[in-house]
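Dropping the structures in below, format is structure tokens.
The same chain A turns up in both complexes below, where it pairs with chain B and then with chain C.
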Partner chain A sequence: MDKTQTESDRDLPQVRTQGLNLYYGPDRVLWSLNFDIPRGCVAAFIGPSGCGKSSYLRCLNRMNDFIPGARVEGHVLIDGADIYAPGVDVIALRRRVGMVFQKPNPFPMSIYENVAYGPRLFGVKNREALDETVRSSLEGAALWSEVKDKLNTLGTGLSGGQQQRLCIARAIATEPEVLLMDEPTSALDPLSTSRIEELIRDLKSRFTVAIVTHNMQQAARISDYTAFFLLGELVEYGPTSRIFTVPEDKRTEDYITGRFG
Partner chain B sequence: MSTISIRKQQDADLVEIKRTLIRLGKMSENAVVHAVWALKNSDVEAARSVIDGDDALDELTERIDESCMSFNARYQPLGQDLRMIVSTMHMAVDLERIGDYGVNIARAAILLEKKPLIKPLIDIPRMSAILSEMLGKALSAFDVEDVETATTVFTLDDQIDALEKQVVRELFTMVMERVDRLEQAFLLMGVARTLERAGDHATNIAERVIYMYAGKIAKASDYKNPKDKIQEQESRDES
Partner chain C sequence: MLHTRKRGTTSPHFGGWGDRVAARTALSVSTVCILIMGFILYFLVKESLPVLKATTLSELLFGMDWYPQETPPALGMFPLIMSSLAVTFLSSAIGLPVSLAIAVFTAEIAPRRLRNLVKPLLELLGFIPSIVFGFLGMVVVAPWLQDRFSLLTGLNMANASALLGMMMVPIVGSLADEALCAVPRELRDASYALGATRWETIRRVVLPSALPGILSASLLGVMRATGETMVMLMAAGGAAVIPRSLFDPVRPLTSTIAAEMGETPVGSEHYHALFFAGLILLLITLAINLLSAKIEAKGFKLKGGNL
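For the complex of A and B:
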């Protein structure tokens, strides 16, 4: 997609979900989802296990395409363009929509190569340009000062928190527009969690972030909008400050106060 | 959807905080009611016991504060729990202030000791009785999560406000007749003003109860009776 945007493009929601249904074989997993994620915002997805929040996240970069029997109905528009339209280049889509997973999963290669992998895949060959991308991505992921002197050591040798920041650096190296995070801190200690949360707040000036979390306080701390999913339905979606203080739906109230889950 | 029991301790802690706040409410109400009784009956002993009781009231307020802080640290409450804890902290401050007003009135009772009252006290005890009713309703609404009862507090506040104006008007007239009544009249006006303010704090508590259980910001002015609203508008227009 052309990176130059007109005024009206900027006014568009970054991610628009319209009548989205997802099926895994005969099972319907998501039910008629309709909502927008504004540009430059952090949207948090909460709900009990199996409610469909991670499945939804995987719809945003078509990761569900890998699951046999998965079928999507409806539309997901990123910057106004339907990512499920015929002829969409899925590889290019995944460059625009990066993803960070629950467990840090650096490639078994050097720190430098982990970050340079994506840009290289998309054709950047110039060493200086790659160096610059690696530096700026590691800086963006708040990891540069810790690893700048050991870029050629194995990424897998870093601590858990550092590995997760390396994965974030890897995800932002291809300059995505949207960053998906599936419980990115659930395997980390409080200090590393806090660094990642700080990072997410910084990143939203450059990317739109969609994050799945089981930690309600985390959603309250870092997100601008919160969506509560239950049994594949979007029960409530709105500004985080409202969802966590005066939710409109009793099911949301019961979930955030720990009355079921 | 399965209901799980992790809330047991959390609910027990909330109930404990609630009980303590209701106890504080009863103590604050007693402080004012007893102080007004002491004033009406020139009973210095009763007035002193109100003043002596203030420390216990302050301690209980501190305890509520600590319990709320500890609840926040333990559970990081959200939704209605969050509204309840934040509101409880505000309500404790309102109740503590009402207790302080009881002390102020008790001091006035001591100052007026042995001086014959320039008039029998009728409206001031009436204000105290209305305040008592307001606090009773607000705290019962808090106890049983009854938003409807909480809204009835607002019209009672209108009655207290009207009585305060009446007391001040009456005392002014008496001072104009005889200037040596000035000192006592000022003290009694102060008492009426104090009761009117206590009514405002009781109103705050009712507003908090509504926010806590209905999730909406309630304004007492939305519940004023239409006649009072017209009068207020007229007095604003005149000024």
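For the complex of A and C:
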């Protein structure tokens, strides 16, 4: 979206998290998070349920704004701009930071309309431009060949794995810079899972991907960086190859070797 | 063992006597209901058909004069049918948008605390007897209309339709609210995450998803308008002419039956004609039902692009 970036911008990490605290009412959910996600990488967040990894993910596109009583302290910088600064346009932010959810949630519309939803919101009306976006997004989500002859059928009529790829197509149709994925394969069978993992590896050439997963093998397979969360704290963060071979923290080692969690 | 048990042997578990008692109760209750419906239809047809001996079907349906007390009686119901349709249409045009707006407000916009206040209040409005609305129409709306627009009478189509529209709001609004609330959170989240505003999300995702529910809620409201008698009797004016303006008095089928049934000898042509009016009402509601089913089916046929 931002084609006028200078070289120095491009060297910056895409997502910088600085002293981030999150509260749900009186409960503190995230404790002073500090880490950077480099541009064009896949960052995986692992940790037991309730450790705050999904809550963190939802901080990156401010979806936590909808939760009554949610409060954020600290800074999240995307391309160097603080998304929690006063006066930030949340709508514009969400166009730059796409999201794929745990449960496939296509709209009850046609496949075409699902993908065209985002571009239409930004006022794209030109038929050819929409057709092109729909085609390239579905290709990008590795779904085109399966649905190209039935674009006018209901998106909710697809199989679970296809639905999730449709949701990915919908998310990338707005050409975001960062793609958030909240356990995108937890509701899918192994075959669909491996297709989506393959897809994520392809996607990182175009987007920075932040993915929450409960599946440690998945994190090891697809990510460049891994963050281990525990009780709202970031225990360890680093290159995936190191985290999974020589973790520095005893708790990380216990978790990835399956001693708890 | 479960799979070796013979059919028909009793068991307190699945398929046992408890299940069978429940199944047979449900069966007999629904059979009785269907039978009663059948009898109603049977008597309606049986009592209405003799009118065709006195006059023709086309004269009944399209005749312009309704003077049932004359000899021979003039039994043209076209003005009555048109009145019913016009009032149904006008009151729906008033009531449905208001109901939908209220439903969107309570389900999507109002904070939870306000919703918890407004929703029961709305439902309470639904308990107001229709005669109270009719009374309101007679003593409040009619004089005001008469003064404001210097009409001959304030008891007219606009008055009755407005009241009927208001009567629709509690039930349609409340049911449409339920339909909107039943739209899964995930769909809203998906829309917001794509950068949609709240209004865009309501208009493009929530409303289309809730459409079947909203449609059946609206249908209930329209049916209520078609079948409403008391308000018509009190506030519609009662002139058996085809309405040409909003402020013409009308005489729908329902209030005609209510007003005249007590005055006519059993078995007279007039008596049978009134039953025929009931049959027409039944057919109108049936037609509305079928129409809405068709609209609903069409709503699912998707519009969209071709490549």
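The definition used in the following text is that the second predicted complex is superposed on the first by the 259 of 261 C-alpha atoms of A that agree within 3 Å, B and C clash if a C-alpha of one lies under 4 Å from a C-alpha of the other, contacts with A are read in each partner's own complex, and residues count from 1 in each chain.
In this section, a contact is a pair of C-beta atoms (placed from the backbone, for glycine too) under 8 Å apart; a residue touches a chain by one contact, two chains touch by 3 or more.
Just so you know, these numbers come straight off a predicted model, no measurement behind them.
K.L.:
Using the superposition on chain A described above, determine whether A:191 touches chain B (first), chain C (second), both, or neither.
P.N.:
Neither: A:191 stays clear of chain B and chain C.
K.L.:
Where does A:216 make contact in the superposed view: on chain B (first), on chain C (second), on both, or on neither?
P.N.:
first
K.L.:
Once the shared chain is lined up, is A:118 touching chain B (first), chain C (second), both, or neither of them?
P.N.:
In the superposition, A:118 touches chain C alone.
K.L.:
Once the shared chain is lined up, is A:107 touching chain B (first), chain C (second), both, or neither of them?
P.N.:
A:107 contacts chain C only, not chain B.
K.L.:
Any idea whether chain B or chain C touches more of chain A?
P.N.:
C
K.L.:
Which chain A residues come up in both lists, the one for chain B and the one for chain C?
P.N.:
none
K.L.:
Okay, in this complex, where on chain B does chain A touch?
P.N.:
Its residues touching chain A are 1-4, 6-7, 10, 76-83, 215-216.
K.L.:
State the interface residues of chain A toward chain C in the complex, per the touch definition above.
P.N.:
Residue list for chain A touching chain C: 61, 63, 66, 91-95, 98-99, 101, 103, 105-113, 116-118, 121-122, 127, 130-131, 134-135, 148, 151-154, 167, 170-171, 174.
K.L.:
Which residues of chain A touch chain B in their complex?
P.N.:
Where chain A meets chain B, its residues are 216-217, 220, 244-247, 252-253, 256-261.
K.L.:
Tell me, which parts of chain C touch chain A in their complex?
P.N.:
Within the complex, chain C contacts chain A at residues 184, 186-187, 189-197, 200, 204-205, 208-209, 300, 302-307.
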